[in-house]
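Remarks on the structure that follows.
As written, the chain order gives the labels A, B and C, with residue 1 at the start of each chain.
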Amino acid sequence: NSWLTLRTHLFCFVWQIAMIILFGVFIRYDEESDTHWVETKAHDNITSDIENDFYFRYPSFQDVHVMIFVGFGFLMTFLKRYSFGAVGFNFLIASFGLQWALLMQGWFHSLDPQTGKIFIGVESLINADFCVAGCLIAYGAVLGKVSPVQLLVMTLFGVTLFAVEEYIILNLLHARDAGGSMVIHTFGGYYGLAISRVLYRPNLHQSKRMQGSVYHSDTFAMIGTLFLWMFWPSFNSAITDHGDGQHRAVINTYLCLASTVLTTVAISSLSQKTGKLDMVHIQNSTLAGGVALGTAAEFMISPYGALIVGFFCGIISTMGYIFISPFLEKTLKIQDTCGIHNLHAMPGVIGGIVGAITAAAASESVYGKQGLINTFDFTGDFKDRTVLTQGGYQAAGMCVSIVFGVVGGAIVGSILKLPIWGDPADENCFDDEVYWEVREPTFHTSRTITPKSPMISSQLPDEEEEHQESIPPILEYNNHMIHKQQDL
Amino acid sequence: NSWLTLRTHLFCFVWQIAMIILFGVFIRYDEESDTHWVETKAHDNITSDIENDFYFRYPSFQDVHVMIFVGFGFLMTFLKRYSFGAVGFNFLIASFGLQWALLMQGWFHSLDPQTGKIFIGVESLINADFCVAGCLIAYGAVLGKVSPVQLLVMTLFGVTLFAVEEYIILNLLHARDAGGSMVIHTFGGYYGLAISRVLYRPNLHQSKRMQGSVYHSDTFAMIGTLFLWMFWPSFNSAITDHGDGQHRAVINTYLCLASTVLTTVAISSLSQKTGKLDMVHIQNSTLAGGVALGTAAEFMISPYGALIVGFFCGIISTMGYIFISPFLEKTLKIQDTCGIHNLHAMPGVIGGIVGAITAAAASESVYGKQGLINTFDFTGDFKDRTVLTQGGYQAAGMCVSIVFGVVGGAIVGSILKLPIWGDPADENCFDDEVYWEVREPTFHTSRTITPKSPMISSQLPDEEEEHQESIPPILEYNNHMIHKQQDL
Amino acid sequence: NSWLTLRTHLFCFVWQIAMIILFGVFIRYDEESDTHWVETKAHDNITSDIENDFYFRYPSFQDVHVMIFVGFGFLMTFLKRYSFGAVGFNFLIASFGLQWALLMQGWFHSLDPQTGKIFIGVESLINADFCVAGCLIAYGAVLGKVSPVQLLVMTLFGVTLFAVEEYIILNLLHARDAGGSMVIHTFGGYYGLAISRVLYRPNLHQSKRMQGSVYHSDTFAMIGTLFLWMFWPSFNSAITDHGDGQHRAVINTYLCLASTVLTTVAISSLSQKTGKLDMVHIQNSTLAGGVALGTAAEFMISPYGALIVGFFCGIISTMGYIFISPFLEKTLKIQDTCGIHNLHAMPGVIGGIVGAITAAAASESVYGKQGLINTFDFTGDFKDRTVLTQGGYQAAGMCVSIVFGVVGGAIVGSILKLPIWGDPADENCFDDEVYWEVREPTFHTSRTITPKSPMISSQLPDEEEEHQESIPPILEYNNHMIHKQQDL
């Protein structure tokens, strides 16, 4: 009935129809997923179906898929009353984003010049999930403070920017970044932080009662943490070279993450006078090692090298939650709901630097002649590139991702600041009741729960009816008292 | 002590012993899981162990396994006080059903005429899980209204009917249905709906206080939703052809499901005057695309075709929750707890129709000569079948699954209506305390919680004792007041 | 500020630094994860990257990884207020333990005599996860009663003992134990029980209010149960022989576990006068079949043999919870929080016995000549061993694991009994607030929550502040009353 409401549907419908048309024009099965594969096999002298790329990458793809939907979704359920928004909007924007990512990445990376088509296979699906990850990271910074339409817009632009910076970093600069320290985490982190800066809410304290976690919401968030942590080796190895490339990336990430857990616990305990552990740190900083090995995981960083990276990332990320987040909020006016600066942006930068150094330090004695060529893809136009030059280009890639994140985020943030998107009022942030039918009474104030700008009806007649049946009288009574007292 | 109670154990014991005997007589390892594999390899000139079917299908099998136990189980935890029953009885009947499925499917599909044995491998395990899925779908319609013994009986007959209709559809009609739109979802859906119709409870409103969800039960249900959603590409590709067949089925399902999410959100938001989203829709309708692509996922439906199917399924399934479910309940007297009509039955029928049309429209120019033969298995007795004929047989298969579901469900429902199964009284439906030791006080009425027919003791002395220790006095006091007031 | 607190960090830091140094000295990539793989392939005439062991074992590895972190972690969340400790400390000690396991297992099993290095690949990661599993089992016995430092010490010694007993059983005795009935479950079970015996707390009833579960904590625990149950086939097949070995181990474990569920339900229902089911049994005893097939899963035990093992394990394990656990606590003074005796120790012993019998009964007619040699690895020094002798050595391995568990646990328990580790006071056991910042008020007594020995501050000023803002007045009032009344 209000045109705000209409907009959510409109966006979903219009974009989905646009996707269908664009897919119809551009997207086709690649030769390994097409029924002509039987001819390809004969032509290329492939003896077994197991050589299909599907069998090299599908298990890793599914792990990545779980990270995107369960990992990111549940990691953000920690707020006491924003679990629906966390897991539900994550679901929505990931589903939208991956379609747009297949198109954008296809146009930039794999548009066939002869047919004008994009041919997709399992690796395209992984890359689409990766691309979406950048936007979900950004969501972490604005969690609870934006409307679903804003999230869709943010994802539309985020995926677009991602495809461009990825093209520059991977294709033009020919940097390596299989696990996306730079391309995914640094970009996504700064993109989200810049948006959050532009959308700064000076009166966010008005929804302080909805901030923080409750016991079970913290337990739900651990589901997200653990699936991210366990499957991160798949994330960093999903698109690395067949054989030793995938194998090595898994070993490095596995070790790095284990090391991160220990230093995260140590710093978390040190940070409290009582020596107690803080769930915020355990839920987030334990993952920083995976982020920081995104670039170097496929290199010969060696097992103890992976442990060292994890060691410092656990420390730095946890310190970030303790010291840097309050600083960002107070001084730089960046309200970072999930602390993505400490989990993605900063570890991403570390990952870029580690990658540049490891690349620059690579040698034939360690990699072997062919191994060096394979690992850094020193072929074609790049066959004469030295490892030192490669290190320089890695560092340049790092800068590109930061610039795209900050500048892109600032621009998109300005668009999202227009008073037309139906974002929640300051006192209703972090509250699922603004965008979801919530069947259970909460102890919220009796103020009307509504988006800030174009009004939508806040009478909840169905709800009230239900309450009167399902709540025992004494509790109902208490509830009324609460409302009264707070109305005063 | 009552013979009802006895019956649950008896059923479990007797059936498990019967399984052991039947497995002893019939079931053996197939040649790929037998120690003689080393000889098979030499004989068939297989050069590597990686050619073992295990490596083609095990990752998909595990994804399907997660869908059956975590996916279906947690999807049904949405009710405020039936999480134990949802996830626990799902666990029980799936574990029973898969054993019986291995036998039934073995007898119909793979009984070796010479030895009289059934040889099983990883594909048999996937098919057993698929067969069980049909019964778990049916469970969704009667969730909270039946006893565990009724569920076991329902599963015993359900698996039996499944194996027969599957044999008719896949072997006799030679229809293709790798992801089971017809065989699994249409059959399972109508089977459950027919049973629910026969077991109609006119006074179900007496347990209205136990219906609906609470905040955390909705969050638990999202675990089920997401694992079903993420792993559905594995479901639809688990038993398709090696190579491009599995690869293509994954791509199609992945795209279709993404599209479904957007239209589900759009319709859900449209359906509320306030524009808010309803968790029921997000939890269920987002999955309809996977169901509807069960038949066509392995065909060359092309990426935009998959998006179109998802587009309409999201709309239709969500509309189903809004308009059709109330109609079914009021007019047709079908009480469908989880809305399986909207998630499985209707999308399953759509899937059957999409499959028939896609098959009839297949052409050598798109599939290639050999590709067409491989995809539709036009070999042996069926080598002269045309795609048009194939489309007709697909449609016929569709009808077979509906008939088996409706007629089978009606008969089994009549058996379950006999007053001997210990189902819960109308006022105790949707309440875990009927069949589970629940350690925590709920705000239920002080009426005795008991199955309807043969009585079981409802005194809970252990519980009460615990309460007095674990609950602080003031709350305890309130509790007593509640009971008193409600007793009046 | 107290030196206790200091110790937690110190332990984490010192151990992690030690790991880095030791990894630097000893651990290297193996030939399949090294960039020289391209040369290895050429040298060994390997035609495809898919022959890399990574593709045989990585999907199983990830399933095992999920079992270790989500499975064990969430299984232990059943206590009403120890979910953070369950899932968080599980996370910590597993991350620490797997690093130490790579070293210990490397030194004992795969130290290269020429280079003095340990070369690791995906199989090493699986073995490290397995080794850690032994310690996580032991954690189940002392859950809620020990400090994180004690857990770290317990894990350090546990991993060390594990590597030694594993070396004796698998290498010296040449017993087979791919799924670790003996090496993992029997050892881990008795190790934990012995520690719990030494740490016996006669006044544990003082924290009775914190024992037991609440509705949602039981639902969380089912996440752990199901992921363990579903992925157990991967656990038992992760390091078995390529091809038929992995295939067969999966089939056997799948069947055995299904059978266990039915008898667990039967006995659980029989055990209650009301015929109701107990979540404790469903959460735990359903898994006993997987434990008991750890040794025999790769043998030709045949499908009905697997069902029989599961049948009896469900009965015995559930009976254990009903009859043996109370006996252990009262008579033997073993307080076993999670009932690991019934889930791991006892089924592990059964598994050892089943393995010994199955091995002794193996024959060339069933296995084939080469199959028998492959399955029991009758090569090299052991090429003349008969199956009967093998059965004897299996039984001997069984005894070794028990002795290592009991004696090792007794010694480590004595170390942990020293009054320097900051374990919780009797009245604060099973309470997360001792070691975690908990943001939500609980109905605990107003007694100070602190570790027993070296004091840490128990004033929680930050918390209190937050409450006053986030809790509505009436509830706050009630809260105060509770505290007052309880203070009297």
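The definition used in the following text is that a residue touches a chain if its C-beta (ideal position, glycine included) is under 8 Å from a C-beta of that chain, and two chains touch if they have at least 3 such contacts.
Just so we're on the same page, UniProt names per chain: A, B, C = Rh family C glycoprotein.
Every value quoted in this text rests on a predicted model; they were computed, and no experiment measured them.
Although chain B (Rh family C glycoprotein) and chain C (Rh family C glycoprotein) share one sequence, what matters here is the overlap of their interface residues, and that overlap falls short of half of the numbers used.
Note on chain A (Rh family C glycoprotein) versus chain B (Rh family C glycoprotein): their Cα superposition corresponds to a rotation of 120 degrees, in steps of 5.
Separating the CA-averaged centres of chain B (Rh family C glycoprotein) and chain C (Rh family C glycoprotein) is a span of 32 Å.
Within chain B (Rh family C glycoprotein), contacts with two or more other chains are made by residues 50, 55, 59, 216, 223.
Of all the residues in chain A (Rh family C glycoprotein), the ones that touch chain B (Rh family C glycoprotein) in their complex are 1-2, 4-6, 8-9, 12-13, 15-17, 19-21, 23-24, 27-29, 32-39, 41, 48-50, 52-55, 58-59, 62, 65-66, 69-70, 73-74, 77, 81, 83-84, 87-88, 91-92, 95-96, 98-99, 120-122, 125, 148, 216, 220, 223, 435-440, 442, 456-458, 460, 466, 469-475. Considering their complex, residues 50-51, 55-56, 59-60, 63, 208-209, 212-216, 218-219, 222-223, 226-227, 229-231, 233-234, 242-244, 246-248, 250-251, 254-255, 257-259, 261-263, 265-267, 269-270, 272-279, 282, 286, 300, 302-304, 307-308, 311, 366-368, 370-372, 374-375, 443, 478, 481-482, 485-486 of chain A (Rh family C glycoprotein) touch chain C (Rh family C glycoprotein).
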